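So the structure is just underneath, and the comments pick up after that.
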């Protein structure tokens, strides 16, 4: 099994941006990720699918070391981003998270104004006061939120609709100028119209960013991603081009999942 | 990056030091109380102090016997608990199980206010209202009695008992409650056969903490109990003046020469008081933890 | 589960004993009696509050005047105002909060944001619980032994402030912890995910969100400082001092001790009654005013969060 996974998990990609090698993760005694290896290509959308509890969210949190915050969490293996092991001894986690942004499942803007939400990261990272306006406007433009909010930047972020809040969270992430953005089921709390706006946005963003998205919505993965990985019980069962995964899966369990026989 | 990590580490160490200071304070309290108490035992033996029946700190044959003060505290606290526990638990049940949520919300500020009234104001109120009332009702030479202290102390212990019992009662899972109701039990049957037993450890902790509050109260008692250091008889002593450990410290400390045996005797009383409340808190903590475990 | 089955057994027997469903009547009557008693209990408690407040306000309000609030006591405290006692209480509040607030908030931040489940943490938590339950007169003794005698600050404003601050540190720690726990973890995660360090996340996101709770807790402990008598009695409050304290090393008057003195010692206790009521009312107004402000702040922010 392991051998097969490793073979499939390395599609011939132009430029790998993230390389994962034999990644294992335990929560206390329980092993949540088993021997994951894969290349995630640059400037593309990589979707991770699988039934709930399969480890896909745990995995994505390894890529910006958010699992460091979990008690009793132990990790083995390598995660290389731009050929640097992010679990190496000399790595500054704070620096890493600037490079690898993350958008969460539930829209979670800070209880501040729209403007302050976006300006929060750049301000703390020491961007010049006079440049902040530009950064905020740029980020809101990129997140396709500028037109709706330019006239009320000072109103509280919590007054926005759910979909707008999620785009604000994306803008907030963009303002820090990461190179990779991780999306952890970003639309599962949103209505279909807001969802499709976010999907459009993600497809636009891949010009400039490498995107990894966890979703349990298979149609979403099929619509927006270039590559898809199928997780099951802590293992990466199959990884390849999205078209291939959805039309000619090599593994029986991938096919079962995609055709809705379980999950 | 090195700079920032250094800063983060420094901040964490500073925060840790400040919180560790609480342990240091507790140790210092023990140290200073014991230190000054021990000096008493040059003059009086520990046994004589703990079992002595007379507190005559300033007479020629001075005696430092704890018992009159200890029993003074005991009788007043017992009276307060007898009065406050049923009333407090009943109110907690009413607020969490029976009252309309709007009524419950309206009642809670009253309890917060009761908790906020300074003890010297309670004492003043007791002095001008309750003392004459007790005197007239029982036809006594003075209304400054253990009973008067118990009633005031009971009122003061109510907020502690009500708030903590209410927490315990509200945290009984509603599934248990529904299980009972679904069997055709009335709400009242459900309350006294299911909810109160399930919340019992929390309620016991509330009673312990209420007791801790009562035994440590000073000003109110100084103002309404008459401050006579005599071992109260039982049960008739409830209508006699008494003097508690706390009142003794506050009353006499102002007039003793520092470093005298009397001064050290007051510290010894303080040490006894501290030990008692320490044990009460410990027991309350243990009960509470067992209760959490049970609910999980 | 065990409990419900017990109920079931008992009720099952009683159903049979009373001939099936007709048991309803008796149980209903019991319930009505019990509920009436419980309601009466709660109303009695509320009644205590109303009576105490009404009595003090009714007797005290006519005494309150600008002169009463701004003049020194005169004629062995039988005339004049309570100005130095008010100033003393305000100074106590400023001094003890100045020490206790930063310390309490810092300790709470450590316990809530940094501490792991270690033995040291357990020890600190235990110490806080015990400090919170220690009687105020014991704090007074400790302040006397440490600050007045050992350190040598003497019977002074400084000694009293330090003693009171020890008394309220546990209160501030607990209320700050509660406020910090109420800040959703998502705020912390999303700030950390932006590459913001832990301390900066606490400073810029967690603390601002917890501020209303911290303020509420602090205001309640200010009420505590204003009302405590036993600790200041032992560490620096003056029986009578018709002037303001001129340094942190001087003695001072304070409202609660002043009320105690007026009501229990002196030669003109009965003649002094109006001044006693007035002092009690001023003290009560300060403490309850603070309580009301705390409640309003809490309510204001709760509504704001519900948007």
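Odds and ends about this structure:
Letters A, B and C mark the chains as written, and numbering starts fresh at 1 in each.
Heads up, the rule we're going with is that contacts are C-beta pairs under 8 Å (C-beta built on N, C-alpha and C of every residue); 3 or more make two chains touch, one makes a residue touch a chain.
Fair warning: this is a prediction, and the values are worked out from it, not measured in the lab.
Closest chain to the protein centre (all Cα atoms averaged), using per-chain Cα means: C.
Most remote chain with respect to chain B, judged by CA-atom centres, is A. Taking each chain's centre as the mean of its C-alpha atoms, chain A lies 47 Å from chain C.
Here the CA centre of chain B is 15 Å from the CA centre of chain C. Centres computed as Cα averages put chain A at a distance of 55 Å from chain B.
In chain A, the residues that reach two or more other chains under the touch definition are 94-95. Touching two or more other chains at once are residues 4 of chain B.
Shown for chain C are the residues that touch two or more other chains, namely 197. Interface residues of chain C, counted against chain A in their complex, comprise 116-117, 184, 186-187, 189-197, 200, 204-205, 208-209, 305, 307. Only residues 1, 3-4, 6-8, 10-11, 15, 27-28, 30-31, 34-35, 37-39, 41-42, 44-46, 48-50, 52-53, 55-56, 103, 106-111, 114-115, 120, 123-124, 126-142, 144-146, 149-150, 166, 169-170, 173, 197-199, 220, 223, 226-230, 233-234, 256-257, 259-260, 263-264, 273, 276, 280, 283-284, 287-288, 290-291, 295 of chain C touch chain B when the two sit together in their complex. Those residues of chain A lying in contact with chain C across their complex are 64, 66, 69, 71, 94-99, 101-102, 104, 106, 108, 110-112, 120-121, 124-125, 156, 158-159, 169, 172-173, 176, 178. Those residues of chain B lying in contact with chain C across their complex are 4, 7-8, 11-12, 14-16, 18-23, 25-26, 28-29, 32-33, 35-36, 86-88, 90-91, 93-95, 98-99, 107, 109-114, 116-125, 127-129, 155, 158, 162, 176, 179-180, 183-194, 197-198, 209, 212, 215-219, 222-223, 246, 249-250, 253-254, 258, 266-267, 270, 273-274, 277-278, 280-282, 284-285.
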